[in-house]
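A, B, C and D are the chain letters, set down in written order, and residue numbers restart from 1 in every chain.
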Amino acid sequence: MFVLVNLKAYPCNPIEVATAAADVADDSGVRVAVAPQAANLAAVAGTGVETWAQHVSPNEHGSHTGSTLAEAVAESGAEGTMLNHSENRLKLADIDASLDAADRVGLETIVCANNPAQTGAVAALGPDAVAVEPPELIGTGTPVSKADPDVVTGAVDAAARVDGDVDVLCGAGISTGEDIVSASDLGATGVLLASGVAKADDPRAALEDLVEPLR
Amino acid sequence: MFVLVNLKAYPCNPIEVATAAADVADDSGVRVAVAPQAANLAAVAGTGVETWAQHVSPNEHGSHTGSTLAEAVAESGAEGTMLNHSENRLKLADIDASLDAADRVGLETIVCANNPAQTGAVAALGPDAVAVEPPELIGTGTPVSKADPDVVTGAVDAAARVDGDVDVLCGAGISTGEDIVSASDLGATGVLLASGVAKADDPRAALEDLVEPLR
Amino acid sequence: MFVLVNLKAYPCNPIEVATAAADVADDSGVRVAVAPQAANLAAVAGTGVETWAQHVSPNEHGSHTGSTLAEAVAESGAEGTMLNHSENRLKLADIDASLDAADRVGLETIVCANNPAQTGAVAALGPDAVAVEPPELIGTGTPVSKADPDVVTGAVDAAARVDGDVDVLCGAGISTGEDIVSASDLGATGVLLASGVAKADDPRAALEDLVEPLR
Amino acid sequence: MFVLVNLKAYPCNPIEVATAAADVADDSGVRVAVAPQAANLAAVAGTGVETWAQHVSPNEHGSHTGSTLAEAVAESGAEGTMLNHSENRLKLADIDASLDAADRVGLETIVCANNPAQTGAVAALGPDAVAVEPPELIGTGTPVSKADPDVVTGAVDAAARVDGDVDVLCGAGISTGEDIVSASDLGATGVLLASGVAKADDPRAALEDLVEPLR
C-alpha cells in the first residue's frame, strides 16, 4: 500500500511532517510520500522523503506567468504529482495535457475522481493511478471504504475495464490503519490522506498508527 | 448521418439558418439540427428544426445566477445539448454533472474531445456521442477526415473499447458533402460543422450541397 | 428606487413572475425589472416587463461556443444586464470587456461587488451602477442595510469618490418594503432581490408588499 | 525606478538570472528584483536577490490543494508578489482577497492591468502598485511607452485620481534602458520585463544595459 499525505494549505510545518514521514517509511518499510505546496517542494524533498506535487500546470516552457511547470517540480526533487483534486478541479483537456507534462519529466501521476464513472474516464487518459474521493466525505473522518465501499469497488472495476495498468487509490476520510486495510481489501493499492496526519498534534505518532497494520 | 450546425456566436440570422435547415432536413430525409446561443433557443425551435443547446450548466435548480439550466433549455424546445466544445472547455467533474443534468430532462448529448484518448475518457461518462475535433483544425476548412484520418478511427476505436453504445461524430474543418462521406467511411455517425453553413452567403445552398451525397 | 428581481436558476415560472412584476410596476409607478436565465429572456420580455440578463459574455461576434452575446441578449428584448454576481464571479478584464459589450448594444449595466473597496474598483470601469452584496448575507433574509449599514454607506462613498455618475444598489437579504426604504435612506438608488419574490408562494403579493412604501 | 524581471515559465536557469540581478543591483544601486515560479522561490531568494512571487492564492490556511499561499511565499523569502498578470487573470474578488493575503504577511504587491480604466479599478483595491501592460504588446519588443504613451500617462492619471499612494509601473515590450527612461518620463516608477532578460543569451549583460541610464 502507498500512503500519500496531502499537506494542502494547512498551517503545519512541512519539514516536521516530511521528516516524520521519511522516518516512518524507513522503519516500517511502507511507502509513504508527502505532497506540500509548490513553494515547499525543495525543502520537503531535502528531508529525503518521497515528495509529490499537489498539481502541475498543463503547459510547456513559455510565457505562462503563475504556472507550476512539471519541469520545475521535478527539478525541485518531486517524484510524482497529484492532479484534479476536488479542491482544484481541472478541465478534461488540461488533465490530459498535465499528464503529458508529467510524462515529459518522468513524474508519477495520481488523478483524483469523484466516483466510478469519472475513475473510468480518467483511466482512459493513462495516468499511473486514479484516487477516488467522494467530495462529501473529504475531511469528515468517515472513510469511503466504510461509508460507501461500493464506490471503491466500483472505481476499481471501472479502471480495470478501461486500462488494467491503472491503479486505484482511495481517499476521503481515511484516518486509521484499519481504514487502510479496508481500502486494500476493496482493491485499492494506496490511500490519500490529509488532515489525519497534517493536522495531528503529533504527525509522527499518527503516521506510525496508520502504517502499523501494514508492517 | 447526423449533421449538427453550431451557430457559435456568429453574426448570422439564426432563424434564417434554422428555417433552411428544417427545409433541407425535410427535403432530403437527412437528420439536420441547429445549435444557437441560449437566448435564441426558443425562436430557433419555433421554426420546427431539431434544436440543440451549445452548453448546459452542471447544476440543478437553485441559486446559480448566470447558469443555463438543462430544464430551461428543454422547456425552450431543445432536444439535445453539446458540451465541452474546445471554445468552452469544462472541468471533468462538470462534464459528468452536465450529463446528469441533460439526462434529468431527456436531452440527447454530444461531448466534444480533442483526440482519441479524451474520446475514450468522455465515453466512460456515458454520453450519447462524442465529437472528436482536433482544435488546430477548427475553422480551417481542412477536414480532420482528410488531414488526420487516424484521429477519427482512433476515436471510434477508443469509444468502442470503453462503451459500445457511444457514437462518434467528427468535427473540425467539415465543409462539403464529400467530407461527410469520408467521415462516415471512417466510422463516424455524424458531423459537427459551423462556419461552412453559418457564415455562408447562402446557408440553404450550403446545406443542400452538404447533404446531397447522403440523400 | 429600482427593484431588480433576479430569478437565478430557481424553479419558478418566469412568465408568472414577469407578468406580476409588469402589473405591479404599472400599478405602483415603481420601476421593477426581472432577470431570467438567458433561455427565457425573449419570453419574459414578451410580457412587457423590463427585462435584464443575468450575464453577458465579454466577447464579440465570432467563434465562441457557449457564449451569451450582448447582441443576442438585446435582440431578445433585454434592456440591461447584471455582471459579476457572487454566484458568477468574473475576471476583472472580463468585467471590463463585458461592459464594453453591453455599451455596444445599449444595455444598461449593474455590476455586483462584495464590499466598498470592490465597489470603488468596479465604479472605475464606468458601469451604470454597482450592486453591493456581502456574499455572507445572500439568501439569508437579513438585509445588508440592517446587518451592516456601513457596507452600504461605504459603497456609496467609494463609488462617489471614483465616479459621481455611478449609482449604488443594495442586494443581499432584501425581502420587505422596509428593507428597501432603509437602503434608500443609506444612499442606494435601487435593490437587487431574488428568493423573496422568486420563491414566494405568491410572487405578486410579495412584490406588492415590497413596493408599498415606495408608492 | 524599480526593475522587476518576470521569469514566467521560461527555460532559463533561475539561479543564474537571480545571481546576475543581485550583482547588477549591488553595482548600480538600482532596485532589481526577480519573480520565479513558486517552486523556485526559495532557491532564488537564497542568492540574495530581491524575490517576488508571480502569484499568491486568495485563500487562507486550510483545505486548498494546489494553492500557493501568501504564507508559504513569504516563508520562502519573497518580499512581494505580482497578481493578475495577463497570462494569469484573476476574478475581481480574488484580486481583492489575494491583496488581503499579501497584506497578512507583509508582501509588497503589484497588480497588472490592461488599460487605464482597469488601472483605476485596481488602484481602488489598495495595492502598492499597478503595472499597466497592454496585452497586445507583451513579448513584442515594442515598448508601450513608445507604441502608446497615452496608455502610460492615462494609467498614471487614473491611479492618481483613485488613490495617490498607488504607484504605476509599465510593462509590455520593455527591453532597453532607453525604454525605462521613457517609462519614467511618462510617470511610471518602475518597469516589468521578462523575455528581454530571461531569454537573453547573457542575462547579466542585458541587465547591465538596462540599468545603465539609471545609474
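Heads up, the rule we're going with is that contacts are C-beta pairs under 8 Å (C-beta built on N, C-alpha and C of every residue); 3 or more make two chains touch, one makes a residue touch a chain.
Predicted, not measured: the structure shown is a model, and the values here were computed from it.
The greatest centre-to-centre gap from chain A, using C-alpha centroids, is found for C.
Centre to centre, using the average C-alpha position, chain B and chain C are separated by 34 Å.
Once the centre of each chain is set as its mean CA position, chain A and chain C turn out to be 43 Å apart. A separation of 36 Å divides the Cα centre of chain C from that of chain D. Along chain D, residues 86 each make contact with two or more other chains. All chain pairs in contact, by the document's touch criterion: A-B, A-D, B-C, C-D.
Residues of chain D that touch chain A in their complex: 6, 8-11, 37-43, 53-55, 57, 59-69, 71-73, 75-76, 82, 85-88, 138-139, 194-195.
Against chain C, the residues of chain D that register as touching in their complex are 84, 86, 89-96, 113-115, 117-118, 120-126, 158, 161-162.
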